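Structure, as structure tokens:
Chains here go by letter, A, B, C and D, matching the order in which they are written, and residues are numbered from 1 within each.
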Amino acid sequence: MKIGFLGLGNMGMPIADHLLRAKHDLIVWNRSARKAQPLIDAGALQAKTPREAAAGADIVFSMLADDAALEEVLCGKEGLSAGLRRNALHVSLSTISVAAAKHAARRHADSGQRFVAAPVIGRPEAAAAAKLSVLAGGAPEDIEYATPALSAFSQRVFHIGEKPESASLVKLCCNFMILAAIESMSEALTLAEKGGVPRAKLLEVLTGTLFDAAVFRTYGPIVAEGKFRPAGFAATLGLKDMRLVSQAAEAERVPMPLLSLLRDHLLQTIATEGEDIDWSAIGKAVARNAGL
Amino acid sequence: MKIGFLGLGNMGMPIADHLLRAKHDLIVWNRSARKAQPLIDAGALQAKTPREAAAGADIVFSMLADDAALEEVLCGKEGLSAGLRRNALHVSLSTISVAAAKHAARRHADSGQRFVAAPVIGRPEAAAAAKLSVLAGGAPEDIEYATPALSAFSQRVFHIGEKPESASLVKLCCNFMILAAIESMSEALTLAEKGGVPRAKLLEVLTGTLFDAAVFRTYGPIVAEGKFRPAGFAATLGLKDMRLVSQAAEAERVPMPLLSLLRDHLLQTIATEGEDIDWSAIGKAVARNAGL
Amino acid sequence: MKIGFLGLGNMGMPIADHLLRAKHDLIVWNRSARKAQPLIDAGALQAKTPREAAAGADIVFSMLADDAALEEVLCGKEGLSAGLRRNALHVSLSTISVAAAKHAARRHADSGQRFVAAPVIGRPEAAAAAKLSVLAGGAPEDIEYATPALSAFSQRVFHIGEKPESASLVKLCCNFMILAAIESMSEALTLAEKGGVPRAKLLEVLTGTLFDAAVFRTYGPIVAEGKFRPAGFAATLGLKDMRLVSQAAEAERVPMPLLSLLRDHLLQTIATEGEDIDWSAIGKAVARNAGL
Amino acid sequence: MKIGFLGLGNMGMPIADHLLRAKHDLIVWNRSARKAQPLIDAGALQAKTPREAAAGADIVFSMLADDAALEEVLCGKEGLSAGLRRNALHVSLSTISVAAAKHAARRHADSGQRFVAAPVIGRPEAAAAAKLSVLAGGAPEDIEYATPALSAFSQRVFHIGEKPESASLVKLCCNFMILAAIESMSEALTLAEKGGVPRAKLLEVLTGTLFDAAVFRTYGPIVAEGKFRPAGFAATLGLKDMRLVSQAAEAERVPMPLLSLLRDHLLQTIATEGEDIDWSAIGKAVARNAGL
């Protein structure tokens, strides 16, 4: 398959690498061209613009920072949409807003192109291990068409719905759920500590009984031990995602008081700890509010 | 071993049954004597008072409704403490407050008796299957002494700490964590539904990725399908437990805004739906607040 | 009129003083007898027990710290109820719980005595200036009977309802409203400050337009200038009152999320600032959470 | 003075009318031209575009629906900025975001024009009575220059600060304070009602003691009596304003949990009651959550 790939950050790079190893013809583009070198050395071509990367491709994947970056790459004379041929497919892997997914879908449809929103669950290590989970929203035949390529870097593909934005919504819900789990642990662990029970002991009970899931096994020790730097996922990015959830909730008229609490704790964290801290550091704010 | 057992509710009954099957000499007491009949038929003795059940026992287990029931059974002329011999052991299996655990510990110590708080995790079905988890707080030798008996109905015993109240605190934290998980699912599932994604689809993604734990597998379908009656664990009992967490948090000076949110949602649930509904029906309140 | 007076704290003392100046026959009791000296010097008699203060009185006023203090003074062999003659009246001026007001009412009724709950609004300075507002709950004829005495130290008597506990409930609502006003100012002033607007400027606008009420004129400058010590009304007393509101709300099944927020901010304040700080110091917690 | 006026809604119309009566030369523009007729009949001129209204004016006032409306009127070939001569002044009377105020200020400065943000406090009746309060942000000499005109329809002009956006921020804080006051009354009145105290009785106590301010006298009876239709200020407009506060708070890194609560209650209100209801109907949501 002829594949274009846009965005070689710490998620995009390992994904592109898996696509290359799977013997796809890969042409890559990145804002800072230098980052592409390892892939070029391994056989990929390099495009000077998104348009060039899209020209002739069967599928173009994008993995970009946020809505604004996607908008910029998508539009304009040198943009992805200008290069992609009719009936070719754009698969957006980033976490974008519901509104942005709708907008990209409409734009591609207007140009006779196809679009699938396919945000992924998993950190860079999971990407490197080809163990991402993909949440795919779009026409079933488009998702099916993309599946062989998606399989090169993921362990499972969930078909969310026919509308691309449905996948964005589910991805945002997952991130909300993660931060909610962190908040609940933060409060419980703080109470335990002030009540004389070691944090690790409560965590042992939780993950040993009803809470034996990756989200608790991953974030539990981080919160219990206070290892919030370096940031695996920065508080400011978490705040951005929670804002996207909030915008979707406001558009759908859904009060989400737990979401509101999470946003306020992220703001406190950033205001008091700075921007270079993991989003799970809301656990530090919770502990400080209790005088620890 | 000679074992007294106080409290034959829907948790106490299957636990006492397991102790009997494990060939312990069992003498049981229940406020309403009639409920003991199946155990009597199977070889247990019946006591007329807590004191009688405690007389001569190596260990007395209690599984009672709340702090007040424990206080009543413990004290007074016909109470457990009056009957228990010096150095014999009382193991309280109920979810009681930190203050009540402290109080029981002091009272037994004053009488030269031993006390372990050992609240359990698991619903009646887990009790019937001998698959409870026990959170044990007390002197290590006392917990060890009780372990063979505890093993008759549990799959795992966690040693929480030397103070009985530490086990109460951890149990309360677990219940807080469960309701927090329910709240987070309720908000996410409501947003998904209003955004056009079936509740079951979001749940499939959650339990298929980072949230593959019993708490989500058990409560997820209940919330997604709205099956809040009959109540497995009534909203009023949930409210009582959250009040106990709140009392502990206030005593330790720990602000717990998520706990506050859970209490308010339980109050709304009880105010609008009545008292005979499962505590997970906060999910119904969340949905109604969004106009569903 | 023959008046007994129990409790000579910083509120009780100026009130008792006004009663004495109004030419009532006054007999006072206080846990620490010494504090009564100025009143004795001015012509009051001193009782050794609440019972003695109540004996022969037409009305006994009590102004005590909390529910527990009232319970202790009310009951027992040397208590107020033991001394008060049939048909005599007890007027409780303290802020007590709804449950305590009900309990006192029942107890007095059982003894053929009359009871009015009459908590007051105003700080010690208002008491000294005879400018308190009285919230009176009880039988209309009892409130009328007490009114000449109440007028000695208050500017206005509100008849709340026939049940004494109705006055307790209204008083608790007022204290909730005060702290809610403080919270709202704290958040707005913090946002203004971080946005480059002097706190005093926002306050000038508020009290110069829609918010020209005593609660804003009194607490606004305290919050704006951060003058939280010495405590006019300690954070721990505020926490106690908010707990009483919360108990009433739980009993009536009323979710009060703003109340929950206030309690959590009081807990944070006490946990981080200590107990000797004014309850309006939730404004300091709000500012700290924003990194100030 | 030669004055242009843009936006003849239910606030703009009475303000423009006062300017006309004060003998200013008035030229008005409104999206729907017909609405200008009464002013034309009284001597005003009518412009076909914002540009035309601005041409030759000493001051142009704008009173528009929101940020988007201001942006549209300000920019473009037929926009206000294109028509305003150098050194002439634009005074924006609407409630706009901090970002929009900054943006307008910059744009006018780039064109050598002057800009004052002067949002007003008061409903249409206050505008009709010339009793608005003006919150003015901008250069002191510009505010002074506008003051005679502002005095035609207001009773007081507050100088907030040298930056126009400071006035926007203060106005948004005021609206937040109003809704916070409504929330606090809603919770207290609901508790009172369920506890057997008439809502009007609690309100009488509040406005008779510490809460004797316009915000309580105005909104108290609305909440107590549940008169939320027709909407004086629609819930959707309230939600928009609270979103603007939230954006400012996020930009300044200020957690505002009470603001979050207000937003969630507005969402609940809109989701369950529809969009044509007053913003104070959060009081209805609060009551419903308590089962009323």
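One rule holds in what follows: a residue touches a chain if its C-beta (ideal position, glycine included) is under 8 Å from a C-beta of that chain, and two chains touch if they have at least 3 such contacts.
Here the structure is a predicted model, which is why all the values come from computation and not from measurement.
Judged by contacting C-beta pairs, the busier of the interfaces A-B and B-C is A-B.
Averaged Cα coordinates give chain A a centre that lies 54 Å from the centre of chain C. Chain B and chain C have CA centres that are 39 Å apart.
In chain D, 249, 253-257, 261, 267-268, 271, 289-291 are the positions where the chain touches two or more neighbouring chains simultaneously.
Taken together, the touching pairs cover every possible pairing of the chains.
Of all residues in chain B, only 239, 243, 249-250, 253-257, 260-261, 263-265, 267-268, 270-271 touch chain C in the complex they form. Residue ranges on chain A touching chain B, taken from their complex, read 98, 121, 133, 135, 156, 158, 160-161, 163, 165-166, 169-170, 173-174, 176-178, 180-181, 183-185, 187-188, 190-192, 194-197, 201-202, 204-206, 208-216, 218, 245, 248-249, 252-259, 261, 286, 289-291.
Of all the residues in chain A, the ones that touch chain C in their complex are 257, 267-268, 271-272, 285, 288-291.
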